[in-house]
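Labels run A, B, C and D following the written order; every chain starts at residue 1.
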Amino acid sequence: MDKTVAALAEAVAPIQDGATVMIGGFGGSGAPIELIHALIDKGPKDLTVINNNAGNGHVGIAAMIEQGMVRKMICSFPRSADPKVFTDLYLAGGIELELVPQGTLAERIRAGGAGIPAFYTPTSFGTDLAKGKPVAEFDGRQYVQERWLKADFALIKGELGDPMGNLTYRMAARNFNPLMATAAKHTIAQVSRIVPPGGIDPEQVVTPGIFVNSVTEAAIPQQEEILNRQEAVYP
Amino acid sequence: MSAAINDIKLSNAQIAWRAAQDIEDGAYVNLGIGFPEMVAKFQPAGREAVFHTENGVLGFGEAPEAGEEDWDLINAGKKAITLKPGSTFFHHADSFAMVRGGHLDVAILGAYQVAQNGDLANWSTGKGGVPAVGGAMDLVHGAKRVAVITDHITKKGEPKLMAACTMPLTGVGCVTRVYTSLAVIDIEDGRFVLREKLPAIYFDDLQAVTGAELKVDGTVRDLIVPAL
Amino acid sequence: MSAAINDIKLSNAQIAWRAAQDIEDGAYVNLGIGFPEMVAKFQPAGREAVFHTENGVLGFGEAPEAGEEDWDLINAGKKAITLKPGSTFFHHADSFAMVRGGHLDVAILGAYQVAQNGDLANWSTGKGGVPAVGGAMDLVHGAKRVAVITDHITKKGEPKLMAACTMPLTGVGCVTRVYTSLAVIDIEDGRFVLREKLPAIYFDDLQAVTGAELKVDGTVRDLIVPAL
Amino acid sequence: MDKTVAALAEAVAPIQDGATVMIGGFGGSGAPIELIHALIDKGPKDLTVINNNAGNGHVGIAAMIEQGMVRKMICSFPRSADPKVFTDLYLAGGIELELVPQGTLAERIRAGGAGIPAFYTPTSFGTDLAKGKPVAEFDGRQYVQERWLKADFALIKGELGDPMGNLTYRMAARNFNPLMATAAKHTIAQVSRIVPPGGIDPEQVVTPGIFVNSVTEAAIPQQEEILNRQEAVYP
């Protein structure tokens, strides 16, 4: 079994117009910048993008939006230090937004990966974000029913990867990445280093390879935070 | 006729061998406890499946030598296993996320009864005693392909492939292929469709020991397996 | 009167200091983005809370020196942090399992408005623009104790402690204590109960800038904080 | 912060009659035998025990049952090589059994720890084990509603532990242990070795200390499988 793919372009090649794409990361931490930029090079349109945020500056997801690739964002916090690209387009009515509480977003993605079509959460009960959703009482407390969230593709960023697709993550860059890996039909990982099978201690694997379709090495990955401090623009 | 069937029918190892031929290289596979575990031994040359055990290991290998067991490293049948390079550990919720979330390619299970609509009964005879279900009810609703390996008839000569299960169900409409000691049968649109049968058995005799109509849709191939 | 209040009221640092005095040694604490993050600086000597950030770190420490940032190691406000011995990383679902599952002892959040029944509004002014909620709606229904730190009144002098919130809610009946620039107020049985107030403000003046009745139940202590 | 407790007896001291106790392990792998035996020494009665199995031989959970401590078992597979203690008592009507499919058991425990009061699963739909449970259709498929499972106490077995309560596990001994740690009011861990804070790489911690109340060292833990092959009996 060898899930490694030599080129970023090859890794993102299956992503077509209209796809729903989960993209890992919380702000810049764990954001698969190289995969996102490879996807911008390919240029599919009309995408639904699931991420905690809605981009920052003019790289990564912000650059995807700026290139007109994104029809809809599903996220919890579309504000950031410099969210101008999303903000301007949103206020102009050029992009849809589904706002989801952060823990509910994480749990919906986890449910998508785990075959749980719906679950109940106390989060958002009695708020505008629960409007139209079923509610139910359990043990005297009110809960909101939330549905699973799945995607056609997930773009994720790991630290180590092996040909089986096993992955580790670096510090808080873990965030949504392991969840999204489970919830997409096709999961594409970029890693800082590909090691041979057995090169990751079986107890230290965070994402087992069963959830991963392809692994590409991006040896010294870019950090969105640093790119934005350099006022980088992609492409 | 039962006697004749007992003369020609496949051994469990041969049924397992036949099931193993349909497992693709790189497939993620869960094998039920007991008889289905034999399937792992018969992977065709050049193919390597990745085996999942619901107690939290992916990519395990064969049993260790006697005396070499590590009892922290077992499968769902509580038998000692070994690791292969690239294996991983995870907890039970993640393990059943793999199962329920549709990430396994194949699950192969034993059966008391299989119905023509894909219903499976394999966890309880319904006759009392201590009930035990394990992961069977999860597995039948998780894997992309749920296959059963089983003797075609019970020891008393009664059909195990039924119009409807009479024993308590493990899952509804979940089985897609049955490998028996006499035949390979797909379940399509609520019907048993005969794909392969032992050359030594006539269709009518096979039908006679099957509890629901065997449909034929295209060629019925000979079921040929090595001596095992 | 507003002018006088601005002369005597606590600074944000002083409000954060007061909130910090109620955090027990070893408590698991989540601090909201921005002003609530200041609470971490004012832990009493001899007490050490364990801070949780919803993006997947437990037990983090102070900000690194400028230039020493590792941008894979950030908090929910996307600021660089450092690790303390015994810290751990986990993914977002596990992180919010900690939150939603009631494992945090305290969450301290900012507020636009707090109602006497414990309703909180802190995510949207309801006036358009780009809405953003983050983890606030999860935090208010997870921690064992949900406290708010806030100016007692808005910049325009309007009450932030209300009979009922007029802005979109973050959570229903979730806040149990409010630390303001003038007072410490518990929420009990749908009422504001005054626990501490600045010695320099009369009860009636405090009531006048509060949008619902302040109940007194036992001693109202002086709210005394150090110069910060 | 120091959650270490010197003696096993001290660790299990809070467990009183009538408590619901989750016990980690799958068969003998990951079973906290030393904690179970310390609990037998204490001898609380009328317990509800949650475990995948119902004991084997005359040690561990089987010994608890044999000592008359267990009113009810919640488990998926109360059969084993030698389940005579449970079997005899069950057939004599002396112990209750709630049978739960294994994946549902794991997910119910996870839900208990994660504040999810109910969820939907395809597992058990149309079977006897779904009787009396609400069902619902999502995207054209039928699902069963299952409730969270919580406990007063969890007895779990780790490999490394630190004074913060952070834990790792050894190989497949992980199984239910990390889930149960999250779903009990009071979680008691035995570990093979206690290391100082920072002694476990933050990325390799499987159970963060927030889920753990006390940690006790049992340096060379016993294996149920080996005890049973020796025909051991406790006490």
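Methods note: contacts are C-beta pairs under 8 Å (C-beta built on N, C-alpha and C of every residue); 3 or more make two chains touch, one makes a residue touch a chain.
The model shown is predicted, which means the values in this text are computed figures rather than measured ones.
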Worksheet item: So which has more C-beta pairs touching, A-C or A-B?
Response: A-C
Practice prompt. Could you grab the centroid distance between subunit A and subunit D? Build each centroid from C-alpha atoms only and quote it in angstrom.
Written response: 34
Worksheet, complete the sentence: Chain-centre distance (mean CA atoms) for subunit B and subunit C, in whole Å, is 57
Worksheet, complete the sentence: subunit A and subunit B have mean C-alpha positions lying a whole-number Å distance apart equal to 37
Fill in: Centroid distance [mean C-alpha coordinates] between subunit C and subunit A, Å
30
Discussion item. Quick check: what residues of subunit C touch more than one other chain, meaning two or more?
Written reply: 89-90, 93, 96, 99-100, 141-142
Worksheet item: Got the subunit A residues that touch at least 2 other chains?
Response: 107, 110, 114-116, 121-122, 169-171, 174, 202-203
Worksheet item: Which pairs of chains touch one another in this structure?
Response: A-B, A-C, A-D, B-D, C-D
Item to complete: Could you pull out which subunit A residues touch subunit C in their complex?
Response: 26-30, 52, 76-81, 83, 86-87, 90-91, 97, 99-107, 109-110, 121-129, 142, 169-179, 206, 223-226
Practice prompt. Please give the residue numbers of subunit C that touch subunit D in the complex, ascending.
Written response: 25-26, 28, 48, 50, 52, 58-59, 83-90, 93-94, 96-104, 141-142
Discussion item. Show me the residue ranges of subunit C that touch subunit A in the complex, using the header's touch definition.
Written reply: 53-57, 69-74, 76, 78, 89-93, 95-96, 99-100, 119, 124, 129-138, 141-142, 168-172
Practice prompt. Going by the contact rule at the top, pick out the subunit A residues touching subunit D in the complex.
Written response: 107, 111, 114-122, 136, 138-139, 141, 143, 147, 168-171, 174, 202-204
Worksheet item: Mind pulling up the subunit D residues that touch subunit C in the complex?
Response: 1, 110, 112-116, 162-164, 166, 182, 196-198, 202-203, 205, 208-211
